[in-house]
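Please go over the structures that come below.
The following pair of complexes shares a single chain, chain A, combined with chain B in the former and chain C in the latter.
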Partner chain A sequence: DTVPPQVVPGADPSARQLCFAWGPAEVLVCETLFGRAGESRSRAGTAARALTGSVAGAGEGAPSSSRVYVVRRDQDIYIQTLRKLFNESHAIFMGLQRSEEELAGKSRKAQLVQVSKNYRSVIRACMEDMHQAAVSTRDPALQGQYSTQVSILSAMELIWNLCEILFVEAATAGPLLLRLLDWVRLHVCDVDSMVREVLSSESPSKHKLFWNVVDVFVLQGRMDEARHLLSKEASANPTSMNMYKILDDLMKKMPVPSLGNTQTLTELELKWQHWHEECQRYLQDGTFASNPHMESICKILLGDEDAILEKKELMTTWYHFLVTRLLYSHPTVKPMELRFYAQSSMDLFLGGESSPEPLDMILMAAFEFEMHQVIKECSIVLSNWWFVAHLTDLLDHCKLLQSHNLYFGSNMREFLLLEYASGLFSHHSLWQLGVDYFDHCPEYGRVYLELHIERIPLSTERKALKVLRICEQRQMHEQVRSICKIMAMKALRNNRLGSALSWSIRAKDAAFATLISDRFLKDYCERGCFSDLDLIDNLGPSMLLSDRLTFLGKYREFHRLYGEKRFPEAARLLLTLMTAHIAPCSFWMTLLTDALPLLEQKEVIFSAEQTYELMRCLEDLTAGNPDKQKFQDDDVETTKVEMLRLALARNLARVIVKEGTMEGS
Partner chain B sequence: QVSVINTVDTSHEDMIHDAQMDYYGTRLATCSSDRSVKIFDVRNGGQILIADLRGHEGPVWQVAWAHPMYGNILASCSYDRKVIIWKEENGTWEKTYEYTGHDSSVNSVCWAPHDYGLILACGSSDGAISLLSYTGDGQWEVKKISNAHTIGCNAVSWAPAVVPGSLIEQPSGQKPNYIKRFASGGCDNLVKIWKEEDGQWKEEQKLEAHSDWVRDVAWAPSIGLPTSTIASCSQDGRVFIWTCDDASGSSWSPKLLHKFNDVVWHVSWSITANILAVSGGDNKVTLWKESVDGLWACISDVNKGQGGVSAVTEGQQNEQ
Partner chain C sequence: AMEDVSAKFVSQKISRTRWRPLPAAALQPPDLFATGSWDNEDNRISIWSAGDLGSSGLNGEYHGEPRLLCDIQHSGDVMDMQFLDQERIVVASSTGTVTVFRHHQNNQTLSANHRWEKAHYHVDQDTSCGGAACTGVVCNNPEIVTVGEDGRINLFRADQKDAVRTIDNADSSTLHAVTFLRTTEILTVNSIGQLKIWDLRQQRNEPSQIFSLAGDRVPLHCVDRHPNQQHIVATGGQDGMLSIWDIRQGTMPVSLLNAHEAEMWEVHFHPSDPDHLFTCSEDGSLWHWDTSTNVSEKPSFLHQGGRSTAYLSHSTINQSVVSAWLSNDPTKDRMEITNLIPNQTLSVNSLDVLGPCLVYGTDAEAIYVNRQLFA
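Up next, the complex of A and B:
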């Protein structure tokens, strides 16, 4: 037997096959029919199909489905009310990772128990929110969803609590029972409303459910409350006063483990034995014979299984039965003995009428101290990895997983954390939590982060910067470069040249920088001015990223110098741009044209030597130009060249005179 | 559990052959026997048709998104022997390049890792594999491997980019020395691995295990281990996982994932390569995961599977 497949609603499995594609978070499924046209080896009818464009399928010629299903695996992260769970548990997780490992023994254990309790209180808080949501919504479907979530959270807390008692705190015989009693009292709530009803009635002892409530208290070991109720009954029924006094006394004297070290286990066992025998005597003497209720209570005190089992409906679960049994038959139970009592309790309680459910199996595995089994079963049953990831991490910190000789060992922790964190990445804001989890996965955390962080949509510049910061902090250079390139491309497509340029500088992408510089220069040629002056003016050393970029920066500098009327400097720069071949040949004409105003100035700016250089440049340009034909045909170009030659000649004349007559300029 | 969060009604007039999400899961491209390629914006559960691209003259078999750093670029290949590269410019999608160098249906297209530049591998029924590289300014350079597979090539898949040797950051502007590789599957029942040497593509390995046409190959993403992994599936119903342990890429060993009862058409890896999806002729998609002890487990029912539950080896069923 194989695992049943997913059923995609609407898809008809008989006529179609399913095509599948991975998305970064979601997956795509669509109906198709595989088979290439024209192949003799493919299914009969494929060729016909390809030619006519219709589908043979089941022979009906039914139209093919044109739907693509976008399917998501983990919906839980999108539930608003669970947001608190993810955020707050993240804080606890981080605290745990950074916590003092040097603390040893008791203080470390106390610390870990506190962490466990913190996780549980987050679960409870979430449960409360979810419950509120369920109560306040009018939509029955939503209400159903919320209620389901509440039960799931409740089950998680139940399991976690038991794990805390057995594994984290590792309660020993004595305290173990007390903890289990607390656990049961906290989690078996079905009887709460009944209890409230009876207690709040005018005359509780007359209430028809009175004895049920007394029984509940006894079963849960709440002796004081049981005795209090019984006293009301006694005062209402003086005839049973005698019986009552004895029962009350027995209940008062019952030896229970204590949390302080006031007695040893042996002392407790001894006392308990005596007390047990005393109860036995009273029962056998028929002391309670006339009051079946009290008699049954006495039997319970004696740990009589049948008597306890009779109160099945008041206990509601086999683990309640287990703890009650232990309380009244073996209060000094040792952790390793639990498994036997647990198995028999479940068997007796279910009695062959019903079979254990997944939750039962998980709890059983815990009682058997099969930690790995607990984790495995939880992984199967729960719809997302949150629970197992955090619990396993905690158990790992308790150094419990390494002692198990299984191939998973401490890799189990990382495996689960990776799965959990990966799931977070498909969420538009929870992904940030995922980053921290990956950071604490020493083997594969980094590479998983690299693969996932690239897929975060960079919908806004702010988001891109956030992602970048994360990558930069972790020296993920490839990802930094990739993101900057993507942002540069986006900016370029939207014609934001300045933004594109700064992104490509950040990406150290010379080729792109060249491309954008060319665009800037082209823009300048067309419009006569630069955009994004701030950026270009402040390029600094990044100007050297690409030759074209350097030219852009320097060219802009030329314009600035000219604007500041620092003509000799401007002139020098202009010349250098050509002679040092910083400027691309295609731009020389523009540069020479830029030289014109300098040549036309009243004052002579270019020296003789410089003028000769300029002339040479001009000749180089016009002579070696493959577009010579174009030059000659284009009137504007020829005119320009003529003007330049004239201006250069005139300048030369003036400068020769000037340099000849003055002693030095 | 899985839930359908969006049902995109593509309005294709005929069978859809491929559907692919873009890098971020914001756009969906589909292609169909109706000769069109459509692009949808699927953010937030929506479905807005962005483009309906016409240009092919036959059923379109596959689409592939290029890395976003090159802009919004999509490649498609078709029975009409053409490979078309579409690009979004100024908000509209247009054909930016058309390659007609194949003599027969082009079955598969796959973009190389972005580190290599913008390079597209195309596999065709004429047995050849062509590699189209963008050289700038709207120009594409073509390299062809003729007779890569006799009878025809059905699938191509690139190896992830791995820089051999040191992992120090390269100085800006300098391209690291990548060794480019890709895998192909063909009608000669073979999976072949190709390597670029001195600008030429050479057949590096021949992987033989299938007894019928290889329908798809998928090279798994790298998670930093020195091993390489390839999945291949075939007309013979088998899916093999090939692994190569050493960095030199010389010894590949196959492991049978499963033998299905029908042709297996597609295999694809999840982003972190931990799950393999297999689409078969038996009308199902199964998801497979490798457990720590090296056995592959089927986890297609998410309720029952995650965490390496029952290992399914050849011929055996649920073994705990």
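Up next, the complex of A and C:
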């Protein structure tokens, strides 16, 4: 089995060699400089239609190799009116994942059928919106687009409904036929306008399409409506009253399967046999011979294939023919017998005149109970992953796909969900929906999410917070770090040190917190005052994230104490910052300089012991500094050191005197 | 009751929903609301009719669904939005621009009435890409205050070209929301868990008071003030916690109430029944906090209309009423809290309450209107 090749409009592989770059949900295609030997160097088509690809950047009309094509996998994702479908079905999908698997057989089945119906009603709602849009627009191109979408949605609903009957509900002989009748009535709408026209006319029985409408009702098994119409005709023809009465009676008596358990299949078959024989008798004794319309109806009731096929135009499709045929010749058809009738109905109906279309093949596969074939055909034909992903997931919840494993990746359900969710992630706005789908792919969902989430553009902090929340809830530490780092870098570039710091605190990124703390300290050294005091004064426990941040917080505290004239406390803190090695060595000179005004205070603040420690700090700094040259060459630095030494010596003298007198007293 | 809620899928993620204010003497419930979208290639401001309450169409069906009246393109994400008056809406953009849109009710159109380009910016206002997201806006006609990711506070007057007052670098972290405390004072919340009061009369570029959360500095995302008792302030945080503050005393919240599991995006006291409070969150829930049941001797604040009552206008009475919001352990006082949307999975970004009506919008691209909140 091969998938048909995808043509990228405008890119011409016969002229030049193409190169590719794979993205998570898109492929970039461009033509290389390398031509193909011996082939004409025809240029690629100039007007690239945006069918499967859109031109990202175009050159100046010169060599075609200057174009880059973005090839998207899931084109329907970008249709505005379908966003309702994606969003509403997301809620249904989530409900299904949460639903109770433990529910016992019958109620579980009822639950799954309800889910299936919900999906279908969303498709129908979307179809109506699309139809409205088609009607209200004046742009013929747009109108065409909408109409195409309506027919695609309608086909999707048709297939889904059949799958619901055959696989989800798994209707058994009897009810199966009733369901198929409903299915045909719901979807064969081509004759509805004719029916409306006749019914609303002044006297329907005089209308030229009267018998057509009666036939439509009979073909769809709508007996009550057919009889109602016939009764009007009967009252207009008193002479053939008897004939009408007999036909009416036959139609009334026709046994139909019941949904409840009121009768067994055998009972039904018996009754049906009787009724069938009765019809046969009337036909043979020529009761309806005088009226070809009624005679043909009687033949239909008898399941006469030729008589039914004569009404081909009123049925419009082979599957309507199939259901009509079943109704009048095999009302108790079993699911497994469907395939034979389906195949022969299609052959008879198409009669070799036309070949089956993709939709016919999909429905046929469904009648054959080839679920995988249905999904495969749909994947190829439909321009979206939405349909197959959701249908497969539902069938998987019905425990119908267990046995099937793919030779690549994980199972089919997961494979399709991953494709669909990847498409959502390639959309600028729908990416949030994709997250939940990945969550329910046990094997590769996590990896996919990790790869995709990092590619979400973080345009505002609020959006970044939303992405971050997704990552944090799933313990995706790597991504959390990366998002916070990106945001912190952005803030830093914008000179928003406070914001930058709070992003690195959130990621517990010590290295980055150190980097930002250094920026704060550098700013302080340059300007002589702190910026962003509101932040630094309120670091709280986050101060412990990095040593430098701790120092920043403590150093600011020193300034606060100094400002509040709490000198002894300030002095003690200043000294601790050096002796406990909280301050980076590069900052010691600044700290010692900060000690100067404290040494010059009228009152003695540093004790003798503290002064010795300060002296040792200064000597360590000047002696231990590998960059000794700096101190010798720099006059300012030398003067500073000299001033400090002097101030320390004077303070020592004062404190010795003071402490001596205190001891003496 | 859930059956009173009507929903509409709008094919755009909704970041803000706001009821149009009612004229002073109005008796009927609000009928019009505005929405703003975010994260779209093409974001929009839209005006909706809430749909008729209880009236039936020709065929007897219920016309409950919100109906689009008009919309207009908006450059950038809609970060916040406030009605200035009956006709004008002020919109904060992620591009840093603040725009006043006018809703022309005679022909149902929207137009941009006035615009402050890059009211919020990083580094340099004149460069092509220097805009910083404007995160919050609050109006008290004709005054408009905006805050942003740039930590800046702007004070505009509706018809003046330039800002009346700008406080550059007012906050070193991101300002997430703003509201009026009194006519000249505003409240801001930021990304390091602080609540600040700014007095716009003072020329000092510093807050007059700073309150902050203890422990981890959890970012605060939204703020609202009690409509009658101005010292009671509610904020919502990144961890989904609802904090109630008494700004007359202390620097820490009076109570912390836990309901949401993720960022609380908006908090609103009911404007006329302030015993009721509503919050919404990234976790997809919308909580109704009801303290009206706990104090038996307290008069009922519940009203049908959208007007605020005169009952609390006397400061003496004001003092005598011990607000349920300030009791030390609100859980003991039988505060009733109800999640109005079970099973929602995507974020509820915004809500607004007025009279008996609630409107909210989600990342699941739907707007919901509940017209009988207290039924």
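Heads up, the rule we're going with is that the second predicted complex is superposed on the first by the 565 of 665 C-alpha atoms of A that agree within 3 Å, B and C clash if a C-alpha of one lies under 4 Å from a C-alpha of the other, contacts with A are read in each partner's own complex, and residues count from 1 in each chain.
By our rule, a residue touches a chain if its C-beta (ideal position, glycine included) is under 8 Å from a C-beta of that chain, and two chains touch if they have at least 3 such contacts.
What you see is a predicted model; the values in this text were computed from it and never measured.
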| item | value |
| --- | --- |
| Chain B or chain C, by number of chain A residues touched | B |
| Partner chain(s) touched by A:L391 [first = chain B, second = chain C, both, neither] | neither |
| Chain B versus chain C as contact partner of A:K463, first or second or both or neither | second |
| First (chain B), second (chain C), both or neither touched by A:V323 | neither |
| Partner chain(s) touched by A:G498 [first = chain B, second = chain C, both, neither] | second |
| Contacts of A:V333 with chain B and chain C, given as first, second, both or neither | neither |
| Which superposed partner A:V29 touches (first chain B, second chain C, both, neither) | first |
| Which superposed partner A:S383 touches (first chain B, second chain C, both, neither) | first |
| Which of chain B and chain C A:M294 touches, first, second, both or neither | neither |
| Partner chain in contact with A:I453 - chain B first, chain C second, else both or neither | neither |
| Those residues of chain A which chain B touches in one complex and chain C touches in the other | none |
| Of chain A, residues touching chain B in the complex | 1-6, 8-10, 13-14, 16-34, 36-39, 41, 49-50, 53-55, 64-73, 75, 375-376, 379-381, 383, 385, 388, 407-408, 411, 415-416, 418-419, 422, 426, 444, 446-448, 451-452, 454-458, 477-478, 482, 485-486, 489, 493, 508, 510, 545-546 |
| Of chain B, residues touching chain A in the complex | 1-21, 23-26, 28, 30, 32-34, 42, 58-59, 61, 67-71, 79, 88-90, 105, 107, 114-115, 125, 154, 169, 172-173, 213, 215, 221-224, 235, 263, 265-266, 268-272, 277, 279-281, 283-286, 292-293, 298-307, 309-310, 312, 317-318 |
| Chain A-facing residues of chain C, complex | 9, 11-13, 38-41, 77, 79, 94, 122-123, 132-133, 135, 149-151, 169, 171-174, 191-194, 207, 210, 212, 214-217, 219, 238, 262-263, 282, 343-347, 363-366 |
| Sites on chain A touched by chain C in the complex | 80-81, 83-84, 87-88, 90-91, 94-95, 428-429, 432-433, 436, 459-463, 465-466, 469, 473, 494-499, 502, 505, 531-535, 538-542 |
